[in-house]
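Each chain gets a letter, A, B, C and D, in the order it is written, and its residues are counted from 1.
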Amino acid sequence: MATEILYFAWVRERIGMASETIALPDGLTTVGDLVSWLAARGGGYAAAFEDRSRLRAAIDQRFVTLDAPLGRPREVALFPPVTGG
Amino acid sequence: MATEILYFAWVRERIGMASETIALPDGLTTVGDLVSWLAARGGGYAAAFEDRSRLRAAIDQRFVTLDAPLGRPREVALFPPVTGG
Amino acid sequence: MIAVAVDARPIDIGAEHAAIAGGGAGGVATFTGLVRADDGVVALELEHYPGGTEAALRALAEEAVARWSLTAARITHRVGRMLPGEAVVFVGTAARHRAAALEACAYLIDRLKTDAPFWKKETLAGGERWVDPRGSDDAAAARWEP
Amino acid sequence: MIAVAVDARPIDIGAEHAAIAGGGAGGVATFTGLVRADDGVVALELEHYPGGTEAALRALAEEAVARWSLTAARITHRVGRMLPGEAVVFVGTAARHRAAALEACAYLIDRLKTDAPFWKKETLAGGERWVDPRGSDDAAAARWEP
């Protein structure tokens, strides 16, 4: 199943794109596992994900922590702490 | 010295006028004394001042309690508890 | 910037708001009291104490500006006859940060209810009646005492 | 009545306010966040998470309406590029009595700061920078936990 990965703010800028569609490999249990798998690509991915304490995530538009089960989502978003309002 | 006495809301309606100018007699020590002196006129005054717990006052535009010293004010206002906002 | 007004004309919320933004404010908080049609009220008449009212409102605004370091405070109270749904009072506060603006706004409307000389008279189908003060207003004002 | 919006156009405060009055409300509380020109900021760019943002704002508004029995709640957040003095966000709440409207308004802006996916980027004379979250925002949001 294909999953849409969305990037926002400086995560988006470092990776150099706003979204991509990925067929998730087996063995990714948590959101953090997905982040590690992406970071292993190096380059902008490694730069975007170097500080996990400044990374937030949403699965299918619901905010989750990085240790949340990944499941089989349609959409995962990765982004910095929010600063709206 | 002449003092302007102002009445508001149902105090004004019961007395039948919005203001009057009075030469205060000697012997009125507190605002409450003034109220008693006015109430002794009977009629609308007695009706307006029959329940002191529902009466409020201001001397020269400053809110005071009925036991406040009357002094020699230019203006005394007598009115019900306020209900603005 | 402090501005208080007592006016028989309808309150223009957009204009009131614009008057307190600016001046380095990061947030504007407002409260607007509206005439409710409770119990068949068809109109509300607001009486005030000319001169005394403005002095009371200004004193409240000055207190709030000092206590919360506001960049602006504005109180506009309507008087005369008005209809359900119309605005009776507008309180607006502006500050660099939101907590100050929000708290000062709540403070001003709570204190205005007990400290400013206005009186409400309701017109109902069967006649008129002066509104009695609510005990909850005294309690709300008292919570701001140091 | 709940309405949330994310829009690149300037926020019309008068129209926002009018949209939440009515419906038996006795009071309307609002908070408007403005772009500050702190540290030489010349512009602010707001990014959001389309779809996710609206869902988050709607969930917050629904919580507030239930918790404070509001007659209306409205959140309008601007996105894109804006200038100092312009409104970033409008939060409006209406209720029969003022305490509910005022508390719910403070709740919504506190929670929005930590729970809605928006990101601010400042333009300064020397370049651009993403805004870091403030620890005080987490503290403000946490005070509403039961």
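By definition in this document, contacts are C-beta pairs under 8 Å (C-beta built on N, C-alpha and C of every residue); 3 or more make two chains touch, one makes a residue touch a chain.
Protein identities per chain, from UniProt: A, B = Molybdopterin synthase sulfur carrier subunit; C, D = Molybdopterin synthase catalytic subunit.
Fair warning: this is a prediction, and the values are worked out from it, not measured in the lab.
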* So which chains count as neighbours of both chain A and chain C? -> D
* Asked: How short can a path of touching chains from chain A to chain D be, counted in steps?
  -> 1
* Structure fact -> Distance between the CA centroids of chain B and chain D (whole Å) is 48
* Centre to centre, by mean C-alpha position, how many angstrom separate chain A and chain B? -> 73
* To do: Round to the nearest whole Å and give the separation of the Cα centres of chain C and chain D.
  => 23
* Structure fact -> Among chain B residues, those touching two or more other chains are 85
* Structure fact -> chain D touches at least 2 other chains through residues 33, 98, 109
* Asked: Which chain pairs here would you call touching?
  -> A-D, B-C, C-D
* To do: Would you mind writing out the residues of chain A in touch with chain D in their complex?
  => 6, 8-10, 58, 61, 63, 77, 79-85
* **Touching residues on chain C, where the partner in the complex is chain D** => 12-15, 17-18, 21-22, 24-34, 36-37, 85, 87, 96, 98-99, 101-102, 105-106, 109, 140
* Using the touch definition up top, name the residues of chain C that touch chain B in the complex. => 33, 46-49, 51-52, 55-56, 77, 88-89, 109, 112-121, 130-133, 137
